[in-house]
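Going by the order they are written in, the chains are A, B, C, D and E; count residues from 1 in each one.
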Amino acid sequence: QELISNVPRKETLIVENPEGTIKNAGWFNIWAINAGGQSTGLHQLAMDAFWYIDPERGIDGVWDNSLASDKPIYNKDFTEMTVKLRKGIFWSDGVEFTAADVVYTVQTHLDTKGLRWSAPIQVNVASISAPDPYTVVFKLKKPNSRFHALFTVRWNAMWMMPKHVFEKAGDPLKFAFNPPVSLGAYTLNSFDPNGKWFIWQKREDWKRTTLARFGEPGPKYVAYVDAGPPDKRVIAQMNHQLDIIHDTSPEGMFTMAKQAKFSHGWFSGFPYAHPDPTLAAVIFNTQNEYLKNRDVRWALALLVDIKAVSMASYRGAATISAIGVPPTGTHPEYYHGPIEPWLKTFEIDTGKRKIKPYDPSIGKQVTDMLRPTLGDQIPTKPEEVAKAFGMGWWKPDPQAATELLERAGFKKVGAQWMTPDGKPFSVKITVEGESRPVMTRAGSMVAQQWRQFGIDSGTVVAQGTLADRRAAGDFDAIISWSVETWGGHPDLSYFLDSWHSQFVAPPGQPQPPRNWQRWTNPELDKIIEQVRGVGFDDPKGVELGRDYVKLAVREMPSIPLMSYNVFTVMDDTYWTGYPNAATAPYTDPVPNWANTKYMMVKLKPKQ
Amino acid sequence: MTSLLELRNVVRTYAKGGLFGRSARAVDDVSFSVGGSGPEILAIIGESGSGKTTLARMILGTVRASGGSIRFKDMDLADIKGRGQRMDFMRQVQPIFQNPFEAFNPLKRLDRYLFMTARHFAGARDDTAAEAASDAALRKVGLSLAEVKGRFPHEMSGGQLQRVAIARALIASPLLLVADEPVSMVDASLRTAIVNLFRKLRDEMGVSIIYITHDLATAYSISDRVVIMRRGVVVEAGDARATLDNPQHPYSIELKNAVLSPDTGP
Amino acid sequence: MKSYAAYLIRRFGQFVLVVFIGMNIAYIVTHATPIDPVEQSIAAATAFGSTSPEAIGLMRESLRELYGLKGTAWEQYIGFWKRVVTLDFGPSLSAFPTPVSSLIWRALPWTAGLLLVSTTITWVLGNLLGGLAGYLRDNRTLRVTGLLVMGFHPIPYYIVALLILIVFGYVWPVLPITGGAQMNLARGWNLDFVASVVKHSVLPVLSLVLVGLGGWFMGMRSLVSNIVSEDYVVYAELGGVPQSRILRSYVMRNALVPQVTGLAMSLGGIFNGAIITEQVFGYPGIGALLIDAVHAGDYSLVLGLTSVSIVAVSLSVLLIDMLYPLLDPRVKVS
Amino acid sequence: MTPVVAVNQLRAYYQTQQFGVQRDVRAVDDVSLQVMPNEIYGLAGESSCGKSTLIKTIAGAIRPPLTVQGGSVVFNFAGQSLDLYKAGPQALQSIRWKHLSYVMQGSMGVLNPVRRVRHSFIDFAFRHIGQPMPAFMETVTQHLARVKLGPEVLQAFPHELSGGMRQRLAIALATVCKPELIIADEPTTALDVIVQKSVLGMIREVQRELGSSLIFVTHDMAVHAHLCDRLGVMYAGRLIEEGATKDVFSRPRHPYTTHLIASLPRIGKTASIKALEGAPPNLADPPKGCRFHPRCPLAMDVCRQQVPAFAEVAPGHRVACFAVNPVAVE
Amino acid sequence: MWKILRDLLKHNRGFAVGVFLLGFVVVIGALSFVSPYSPIDSYVVAPDMPPGWPHVLGTTSRGQDVFWLLTFAIRNTLAFGMLVAVISRLLSLTIGLVAGYAGGWVDRVLMSVNDTFIVIPLFPILVLFYFVMRDKMSWAALAGVMACLGWAYDARLIRAVAMSLRTREFTETSIFSGMSMPQILVKEHLPYVMPIVFSTTMNNINWSIGLEVTLSVLGFTDINTPTIGSMIYWANQHTAMVAGVWWWIAFPVALVVMTFIGLFLLAVSMNEFIDPRSRLGRGTP
């Protein structure tokens, strides 16, 4: 019996939806917050936005003008943004997409509270107008050189609403949008009312969508399914019932690499995983009495043996980073490489002496450690090592850590470090548990290293409550990512803007996302304010970004560990042409990204 | 001298369920007294379900009377409050139950009950005292501690058990024994022994006994007075010999006629 | 008959009381959680995006209003009961504005079907085997069966489920290992769909039965070994009543009385869902809904699920109490 | 004439083993007796002398810890003889209820509590009567009428019936197949005198009507006097006297029987009756010689050493006492 | 007491096997006190080694020695099960016996509470407790919560027995022997409910271990404390089943099964000891 009824397996791509079961499956109104699923194919296959920035190289460069025919056009002081629209793009019900849809979308968000993008639109937009059917003009309330980011897909962005559908629907908050009218190359075929699967079908008129510029999408059908617990995902793919596993454990990946000859990851060999443009880090709560002190933070950083963390979390398949930028996409070219000379000379004063903590060879050391068991799979060329495993990191230096802690007034009594006021020094690391297994493992290892040094440490599993606790600052340290970037584009404002001290909440109050370290620094504020004044593509932005990196190194508000590596596993049995690091880095394979749509045109059925 | 025990218009109703509280009278307006002129044996005779057990339980204070009063030594049983008073009452009034197999916990050794009674009611302070008291009481019923100690109820026959039960009650040296069909599970020779025992208890130890039975013959032989019940009501009462020799009420007559005599052949 | 009516009224009063207390406990506990559904929504909505902190403040404000979390605790409590008496649990917070009740009704048939079938099979089989094993103590086959049943019982359910999945899904892939029915099959009372549902339920049911059997088995066996020494059983044996009849009508029939109560309770427990089964076999149902609701801080949904469960269990206990006099003629209603 | 049942030198002990320590309770020790067709044989004796045990052994109701140590029980049903402890379970199964039925002591609890009385009759008797169901039910109903029970009791649950009714039901159940031998263990003890009288009358009537034999156990001598043709008296696991009921009552020979008869209470008798001194022996460790000797007013030296033979001292009258018949068991 | 144990050991095969199994498990648990490794540290040995020497039961993918980890895990799990069982037994015994003996309004009040607990769905409440208590949800706290949720059904069973015991004549005998209510409940009625207590204890331990594993698998327990559940949790995190690291799961599971069977055999043979009627049945051919 076929896996899917009435749909030939050969014409179908089966993809894991990491959201699992969608409890409200019949809800496709993506503009209402959290009402239904998103990675069900809805935002990958049915939605479209002005622009896409690819976390990898892109099919035709990193920047893609999707619904817009050109890049955003700002006026001089960044208070007005004009967008030119592509012509000949149609909704799946045959209505043409025009500026009216854009105006409707933005106006609805302006008029309605509680839609997903209502708040940012209301904060920024004074008015919107369409001088002609293919042009829209946004008037902003205040200067914003990054306003287009709202419409630029990194993982998602503000999607366009079909005016002709929503107009008639009444309250946009209560409208299910079922079946969805699609602007992408696929349209909904069927879905499970219990939210286990969604099947999309290639539009007859796929040529009238933005994707047609790159050719015809390969799969006639795309199914997004709930793939179950990790073991089961592996089994499902070994049975060729799941073409793309969103993420599996490192061990699952290794098993697949060993046993399933049709399965492969982003790298063809070790470390397999795709590094997301997301920086996993030990984020300190800098409002914590003891962690306020930079010396203490640095001491804790110098106790971390990144090799052990890499082994514990990813079994060595991690791409490490010493600085506050993920080592992925184009970032090594813009940041890691250029900054390394500075890192090599960077010194910290322990109070007794000055040390140079950076060790440029750590990436290589990781490969040396892995080579005895993994042999040829492990690259030897320095560029390849850097790309896959990262460059240098901070050398563990317990002696320096001791000196730093002592300078901060801490004392070691017996085997236990005491705070200046005589209490045992305790730093617990909050982790997310099963939802982020790899991060949980990294946290356990860091905690173990601190514990072995005499600090009362351990992990606190906050599965389900992590969002609350992270926002409320209810932690000493937390494994998370307050640094996320475009990946393909060097601009850092994606996360950096929200690190401005104006947004830091007082202790106990919920903190807006990103600056979970609650770190304030006048120098940082100055950098951020400068970034706001320069254009998106202005090379000055990169300069300022490097300033931020150096500042963050000196201050160590969070200990950067590595990129968030995702073990996306792809099965070649039915389809070929998946993106990969070596020959086809055209996009990120991780299938919950909206960018997955680019994969569709590259996928070809296997004969 | 006032009576040891005095029942006046005692009623006990049991709810038969139902929305409007229909109830049945298990004991209906019963009055009599015990021990008005020194220790005596009062026999209560009646068919099954005539309320004898209910009456006994009321006298023992384990079931409350729905109406009327029961006074023991001028104290209304309804006024007994607290463990102290209750213990004091129990020391003076002890029960002997119908079914010897049921009278002891089958999972426990028999001597436990003897020792507990000795400790609580006979002032035994240590094991030796308790054993001595138990042995003395057992000997009164023709047993000895050696035979009982360490044995479980199922290792004994009904007659043995019943004698143990009586011995246990005797340890407390009560003034009043309430014996609910104590010999119905016991063989003839033992029956005689127990009945003789009752007589002895009355005559030598000054114990009054309420003797509930179907057995008119033993009632005749030992009791001083008799109460005949039927469906909760006393149908006839009076001096034992006189009443049983010459019953007046039709039911009493029927009862007497039903008694099998060993002298009439098949 | 009158006494039975009085009993019913009293019993029903108790049912109402129990449900009331139970739902209050559930209300208090759900509302004591530190999870804030608004923060959860914001976190989910901004997890991969970049939203300016100012905008977040605005978002928080409007969500609070939208979810109706504005009133005092007392007002919210009163509001809860007002809705409950109209059998409405309000909109789900994590799937706003879909009503909690429609989420529950969508998942319930699956869980209920799966658990009804597996509980029934487990109960029947467990009692049968347990009864036989208790009655025929020296039978070899039964001893071995008992050992097997008892051996499976303590293995953590997750492991059993996963083993079954590996065996029948990978090593010897004969049965579907995921979902409630074949994907994309039209739902309805047609042979294809029903067959597919049955086929998909085999492994989940098997796992539930394997693990659950031991409990009933043990219970029944010990009940039976007590009953065999009752007078009426001994007497029937002396009376030459055939063994099969004794086993059926004397031993099992008497032992069933308490087992039926157990069955009622476990049937009521259906509304708790089978969380791990659903997780391992990707079976749609209440359990996954519950876990998801808890993670999302959706206390409307959690409360809805908990309330349904409380009512269901109380109701089945009530029912069994009402039917008990039929089952055991000795039971007096008063 | 062949006896319906012949018990020969039967020995049955309760063997208890508690963690390795074994104890034998010799509840039936060397008992021989015979019951003739159409005869009511009464078994008397004080409590715990082993009456029930003997009855169980005859009925084949052996369960641990009770074990049969020796002797035989031979039935003669419809010209066929069957040795209870040599026959296989199959053979036993086939005689039960058809030829041999048993009323247990405490027979109030013998009916399945969760099923209607009707079913018990079907389970026990339907096979043997060999009639189609409606006719069978008719037979049962008629039989119930003999014990003065209406057909409605068939539809009742046991707990809905009074003690007397249940006792009568038990008797009806035991007699419905018209067995040659009915064994009844204290079937009237729990009843009040009025009911007891009617039940006894009924038992007698039914027995006469069916022509069955009956072994009837009770410690109530008055009941024996009313019912039995022949009487056996047991003491401490042994039969000590046996004879026609009238003979035993009018001329008891064994000192124990003598005492028993003399001590029976009677209405109109007020004089204090002397009870037997001493206690019944412990059957786990019975006295040597004659088991009655510690309490016997006539005890002699030989009584302490040797066991008296159970021998005929007059036609149909057997006694085991040296004072009556100085022969010992070799 | 010792003599009884010795006799039970000598004469009751089930008891002996049960004692042996449990003894084995307890010894394994006791070995945790001499473990060369800390159970919360990872990467102390080479990962993924199959059973052999020197790592008898192999090593985990986290670089822990399975044997030594298991010693801690079984110790904590056993302690957990016992704690739940003991607390919940105390609750159910007290409430069941008192309600059954006292009757009247005491009974009604207690049983209303009891019914409520029976009817409250366990799992949602447990999960919610986890969220309320968050990192204060140590295994001891979890045990407390589970004990509070696990007594009600058994209390009902016990009450039913206690109610019938109340009407037995021997209860009356006890009263008239001067025993107080606690004495009667403990000395007279308790032995009757002991078989129930024993069998439910076994069920309860099994139930709590099972639930602990379930919660662990879902990540709702303190995964830093090594228990059988958290071992399976971590194994699961490392897809040990499909990665072929079977020893990480098989040995903990085997130990749970042994514990369970040991408890079962003990419960059965203790039953026989408590009930002298069935004891008498022993030893006859």
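Keep this in mind: contacts are C-beta pairs under 8 Å (C-beta built on N, C-alpha and C of every residue); 3 or more make two chains touch, one makes a residue touch a chain.
Molecules present, by chain and UniProt name: B, D = ABC transporter ATP-binding protein; C, E = ABC transporter permease.
Everything quoted here is computed from the prediction, not taken from an experiment.
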Practice task
Touching both chain D and chain E: give me those chains, sorted by label.
Solution key: B, C
Practice task
Farthest from chain D by Cα centre, which chain is it? Let me know.
Solution key: A
Practice task
Go ahead and name the chain pair joined by the largest number of contacting C-beta pairs.
Solution key: A-C
Fill in the blank from the handout: Relative to chain B, the most remote chain by C-alpha centroid is chain A
Problem - Between chain B and chain E, centroid-to-centroid distance (C-alpha), Å - result: 48
Fill in the blank from the handout: In whole angstrom, the CA-centroid distance of chain A from chain B equals 89
Handout entry: Centre distance in Å when chain A and chain E are each reduced to the mean of their C-alpha atoms
Key = 45
Practice task
Mind checking the centre-to-centre distance between chain B and chain C? Centres are C-alpha means, answer in whole Å.
Solution key: 54
Practice task
Pull out every residue in chain A that's touching 2 or more other chains.
Solution key: 229, 231, 235, 463-465
Practice task
Could you tell me which residues belong to chain E and also touch two or more other chains?
Solution key: 131, 134, 218, 236, 241-242, 277, 280
Completion exercise
chain C touches at least 2 other chains through residues 34-35, 162, 166, 279, 294
Handout entry: Complex interface listing, chain D residues touching chain C
Key = 59-61, 63, 92-94, 96-97, 101-102, 104, 106-107, 109-115, 119, 123-124, 157, 159-160
Completion exercise
Residue set of chain C touching chain E in the complex reads 14, 17-19, 21-22, 25-26, 29-30, 32-35, 150-151, 153-159, 162, 166, 215, 218, 222, 229, 265, 268-269, 271-273, 275-276, 279, 287, 290-291, 294, 302, 305-306, 309-310, 313-314, 317
Problem - Footprint of chain A on chain C - complex, ascending - result: 34-36, 39-46, 48-60, 62-63, 65-66, 92, 94-98, 103, 106-107, 110, 162, 165-166, 169-170, 173, 177-180, 182-187, 192, 279-282, 284, 288-289, 292-297
Handout entry: Complex contact set, residues of chain B against chain E
Key = 60, 62, 83, 87, 90-91, 94-95, 97-99, 102-108, 112-113, 116-117, 119-121, 152, 154, 165, 168-169
Problem - Contact footprint of chain E on chain A as seen in their complex - result: 229-231, 234-235, 248-252, 254-255, 308, 311-312, 315, 428, 433-435, 437, 440-441, 444-445, 448, 451-452, 458-465
